[in-house]
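Structure below; questions to follow.
Think of it as A, B, C and D in the order they're written, each chain with its own count starting at 1.
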Amino acid sequence: MTSSIENSKARYAQVGGGPDSFIGSVHRMAARLDNRCELVAGCFSSDQARSLRTGAELGLDLKRTFGSYNQLLAAEAQRPQHERAEFINIVTPNHLHAPVAKAAIEFGFDVLCDKPLCHSAAEAAELSSQLASANSFYGKVAPLFGVTYNYSGYPMVREARHRVHSGSIGTVRHITVEYSQGWLAQQIETEQQKQASWRVDPERAGAGGALGDIGTHAAHLAEFVGGSKIARVLADLGTSFSSRVLDDNASVLLRFESGCRGLVCATQVAVGRENGLRLRVFGETGSLEWFQEEPNTLIVDALDRPRKIMRTGGPGLSQDAAAATRLPLGHPEGFIEAFANVFTDFADTVILRRQDLSATPQWTPSLEDGARGMRFIEAAVASSAAGQTWIDA
Amino acid sequence: MTSSIENSKARYAQVGGGPDSFIGSVHRMAARLDNRCELVAGCFSSDQARSLRTGAELGLDLKRTFGSYNQLLAAEAQRPQHERAEFINIVTPNHLHAPVAKAAIEFGFDVLCDKPLCHSAAEAAELSSQLASANSFYGKVAPLFGVTYNYSGYPMVREARHRVHSGSIGTVRHITVEYSQGWLAQQIETEQQKQASWRVDPERAGAGGALGDIGTHAAHLAEFVGGSKIARVLADLGTSFSSRVLDDNASVLLRFESGCRGLVCATQVAVGRENGLRLRVFGETGSLEWFQEEPNTLIVDALDRPRKIMRTGGPGLSQDAAAATRLPLGHPEGFIEAFANVFTDFADTVILRRQDLSATPQWTPSLEDGARGMRFIEAAVASSAAGQTWIDA
Amino acid sequence: MTSSIENSKARYAQVGGGPDSFIGSVHRMAARLDNRCELVAGCFSSDQARSLRTGAELGLDLKRTFGSYNQLLAAEAQRPQHERAEFINIVTPNHLHAPVAKAAIEFGFDVLCDKPLCHSAAEAAELSSQLASANSFYGKVAPLFGVTYNYSGYPMVREARHRVHSGSIGTVRHITVEYSQGWLAQQIETEQQKQASWRVDPERAGAGGALGDIGTHAAHLAEFVGGSKIARVLADLGTSFSSRVLDDNASVLLRFESGCRGLVCATQVAVGRENGLRLRVFGETGSLEWFQEEPNTLIVDALDRPRKIMRTGGPGLSQDAAAATRLPLGHPEGFIEAFANVFTDFADTVILRRQDLSATPQWTPSLEDGARGMRFIEAAVASSAAGQTWIDA
Amino acid sequence: MTSSIENSKARYAQVGGGPDSFIGSVHRMAARLDNRCELVAGCFSSDQARSLRTGAELGLDLKRTFGSYNQLLAAEAQRPQHERAEFINIVTPNHLHAPVAKAAIEFGFDVLCDKPLCHSAAEAAELSSQLASANSFYGKVAPLFGVTYNYSGYPMVREARHRVHSGSIGTVRHITVEYSQGWLAQQIETEQQKQASWRVDPERAGAGGALGDIGTHAAHLAEFVGGSKIARVLADLGTSFSSRVLDDNASVLLRFESGCRGLVCATQVAVGRENGLRLRVFGETGSLEWFQEEPNTLIVDALDRPRKIMRTGGPGLSQDAAAATRLPLGHPEGFIEAFANVFTDFADTVILRRQDLSATPQWTPSLEDGARGMRFIEAAVASSAAGQTWIDA
């Protein structure tokens, strides 16, 4: 292996992502796409045999493959700097995010964690405070911490953000984010469907069902594009089966700090809906619409003008969108490519930090973004429990 | 003129619909399309010269054209039965609906009134009670009364209703109706834009702005298709200009009598939106989506099945949809055709009643539907004024 | 009946359009929509009883309803001018267009004829020469003659035409018009389906099957929008059943007089296709696309610019489009409205000619347009029969 | 490096793909995505410095990076089997495909070559005959040879193919493949645009312009999905600038061996078109439509049934489609993912052949597919030159 590889790829270890994991393999594909990351170690399952099986399938050095994340972290921490995993990629079920992150930070590893950040807002606050005073392997500087709100990686989402931030639609009046899925329309958690069973279990998923799984994506997107933080929420949460504890559909009225109104609708019981994340931003002089299932299109309206259709790779885009695009116009980029935009931005920063400790990610959502997601969930749950009252987020 | 014409067309007089009226000419086109109505008299404006001008343009007998609706009603009431206008079509600004309707009912005329029904829920209740004890020209039977919630006339809306009512999507879990327009995104009411100025004036429009103008359409559609009445609302109303008194955007959480949740979002400040009425109904085993701007398509989803696209005139439709369709598959029918479906249903009933007083409209929304629309508006306004609380509708 | 009606409506008689006719009722709805036409007489079927039945349903004076078009024409010709049908609307099967038109012209009636114009190019030439020397009821001036290529009535088609003619897409390089239907995918003519049986019968339909029924629409649209006449064709005609004589699918390469290339694809055996007329015009600096099944949208592309979506009633349209539009943005206008644009333009001209014999229709396709359609059919049939050679049209 | 990596990844060397190459980086991303390929050597440019620069950026061992493909091949051939590049991935401009392929085959390397296969049909025939008698490194068995007609890798294209092959649309009557781009609408080759300049140069691109660059994709797709080979073509080729030698737009009538008719339309001067590859297959009982810019949707029509929308990852799909899909429903997969499906199939076969020399690719288009593409180009060029006559392909 030449030194150029060492210089050009961020080394990472994955926790979670074993045989039945969907999101673990997504993270790995995203990591591979741009050739900026190298998977060097892993704890893919708490079942050591399963972990080793995944490691072997991935061509990993099995001496760096573990059934315990604590063992993984300890072993990597002892490796020489030029070999050691630089960041820990957490793709476990939600309830394990915080313990793994906490241990990783303690050692000094950078962390790139799936969303929602953790199990509760209190846990998130603890992580924040731990991180603030933690030391990375580089010494008296905190490790990096990113949260994979991956939808922020789509070029057309970044174009939307650019347009809002540059004032091209005027003051934002209203933001609506819908996120509609149908896969929990039936009570499949009783059939041992693994993806379903942990997501509807408060022990593993946290206080939010649809709220935590997809509502946090929606809330993050509203802030990411709209540029103002969610200040208050009023939520109407529903559950479609008496034995399902967590919400499977949620309508959440929003007030942003700017005073702007908003709405998040998240459902996982909408029969026929796939992964229907739809963003609409209405400003005084223009509006924007984006839909995840046709992600290369951004609909742009302006007062008294015909509608414009902006397209990934097409004319009229900002540098923000162009920089997130690999292919020429008309060659569709999808979910993995958007995910890779987040991954690569984080990895690039990890690599930059080898020489410049002041480097921070340009795009990767932060621990604070993740913590705000936890507060969004808890405020919405509290609002709904109180019969729909406004609660600060 | 032969007796066959007398037998086959319902005679009507229009109140409102003068030179600058949009909705008046829509009603008249709808009335003409199916050849079942004949305009025989009118009071198109309270300005007699303007009224006569419209009457002349319409080829009307100017002796039956008036500048006062009371004169119109009195004169028509005195005509012989075979000549007399059978129903009064009210297309004035909202605040005049009730006075005109009241006078018409008093004489015994049938009434087909634009929406929203009137100016307040109290006024609506009065009309209901007046109608219940009124006598038509046929004697001791109340006149007919219809409200033109015209979107219920689209074949694909009727197909959606049929599918819900026949159980094909199972118990309804959630209904979302959005209605997005952009024409009030700027404060055009200050520029003497006639359509805008009365719609933002509480004296003429009533308690609701966007709520009254389009929110009532949305609420009616939710009930028409979903089959359960709106029981309670919680509303978040916004106004985009400090000098604009009425709401121009509204998010309304719903509870139906069935227990089903719902959401109505109505806005007139969404830059670039045309007349974006979108209906989504989610049931236990299927879901439906319809969009007014492409009205000949109904999206049908079912558990574990590929999406189906139902089309006006196409295979697989119910008799309800087929009966509302004039043309073969692929020949788009639009707004006027849907409006005509309401008009023709009402006119057919008027004609039937010449022989059979028990005839009632199959499709035309009723006075009670209109009254419920007024209660929806007032409950939403009260809920928002109270800081978003649940109010019975 | 007041004189204002006489002044404002063109009186017409319909030939064809009996009980099972689709196109006859479309013409009548189109005629009614704008209140500019009045049906005063008819020969709806050669079966007198059927003709009378239709007349009665339409509320017609049965003394002006006939089972013979010659009787109709003779009777109307003898009526006083202020009562007489001013134009004859021909909606029979194709083979009767020319005989009826010929007889109508002989009497001096204006004629509005469905397409294709007639049965053969020779017949078309005869009609042209007859018309040139015919006298209308007004004396030494030829009657008006229009052909209802109705798709030219859509506002967005007129917008497309305006854009090409005003140079906004530069010199036209290529025009493609597809027209795809699926209703003849099975051999339904053997099941006595009336619409199918005459269209596949060369005695009644003429030399073209799909070519005549829909290919002529496509060819007309190419000329109407593109502004250059079709000079030569090379055609590949297919028939899907050995016992079906006429083409049911056709691919036709075009050369326009301008030198521009083009392509017409017409099929009636494309399973699942409705009435899929799609127009694409590619110029040096821009391009246009329009699709009949979503007729209120025109897609506009320009070099290095994001795509624009022009919409009926929306911003940025020409006067040509605006004048063909009845409703505000977002209120879909459909097939009947477009048809009515052709009808009303013709009727307006008929009315204008009462005072000004120099008046000619602004929009209505002419007899020469119809004749060119016949030459297109015959040239395409000849080209295909010769094994795909170029033939002058 | 563990033996498991050796066992699980196919080692390859790339020829072409230097700093300005679009397609070279696409091949490499496709190769990385599924972790089944490892780039071990390369000749990225004939300019050695540029080649080394690319090699360094890719983290390649610079001892395995060359400025001459002959040197690359010779050096790799001498390496021990467990290190040696197993296949040569050719991504040069068209005119170099054959020389590189020829040299690679001579050594015994497997080859995965971009399309069009080479410069002429004669050259293709030579390659075919060379391959038939060549020996791979495994001895008396020919090397593998694949051509990256990458659009055949989309899951919904494979679903379409499955549906045709399994008879679900009946006998195919007509296939239309359009491929519309706009990037050559202006004469950008004069501005030193590298992608443009070689594509319009017959020395480097071959006899076909749009035909070779995109028409061959269209022709391959027609055969891949439709299941019958193109027997004859009749072509109308156009060039938009007098100084542009090769066609930039082409309409090609087809006859398949089955007797089925078809049409390929390829253009690169359609302003506003991106990468608009659209496939339509019409059968006796059903039809299919797929569009590359929204590649996760397949439109399925059947006689007398509502349209069905099949979606990548969704219900009702064949195993062929499912096996080509990485993500659950609603997570868009795009161009790179489809490309990777071809790459991975080829790489899997390369790996399998380590143990089983009878293994052949299930999906990768073959040398014969590539050669047929060359005959398609030449026949179309000859047909057009002869004034549109039928020529055997």
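The criterion applied here is as follows: a residue touches a chain if its C-beta (ideal position, glycine included) is under 8 Å from a C-beta of that chain, and two chains touch if they have at least 3 such contacts.
All figures in this text were calculated on a predicted structure; none of them were measured in a lab.
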| item | value |
| --- | --- |
| Selected pair, greater C-beta contact count between A-D and A-C | A-D |
| Furthest chain, CA centroid comparison against subunit B | D |
| Whole-Å separation of chain centres (CA-atom averages), subunit A against subunit C | 57 |
| Between subunit C and subunit D, centroid-to-centroid distance (C-alpha), Å | 45 |
| Distance from the mean Cα position of subunit D to that of subunit A, given in whole angstrom | 35 |
| Multi-partner residues of subunit B (at least 2 other chains) | 273, 307, 311, 314 |
| Chain-level touch network, classified as line, ring, star, complete or other | complete |
| Subunit D contact footprint on subunit C (complex, rising order) | 169, 173-174, 176, 182, 185-186, 234, 236, 238, 240, 249, 251, 253, 261, 263, 265, 267, 269-273, 280, 282-287, 299, 301-303, 307, 387-390 |
| Subunit A residues within the subunit C interface of the complex | 300, 304-311, 314-316 |
| Interfacial residue positions of subunit A with respect to subunit D in the complex | 1-2, 4-5, 8-9, 22, 25-26, 28-29, 32-35, 56-62, 181, 183, 273-276, 292-296, 311, 313-314, 326-337 |
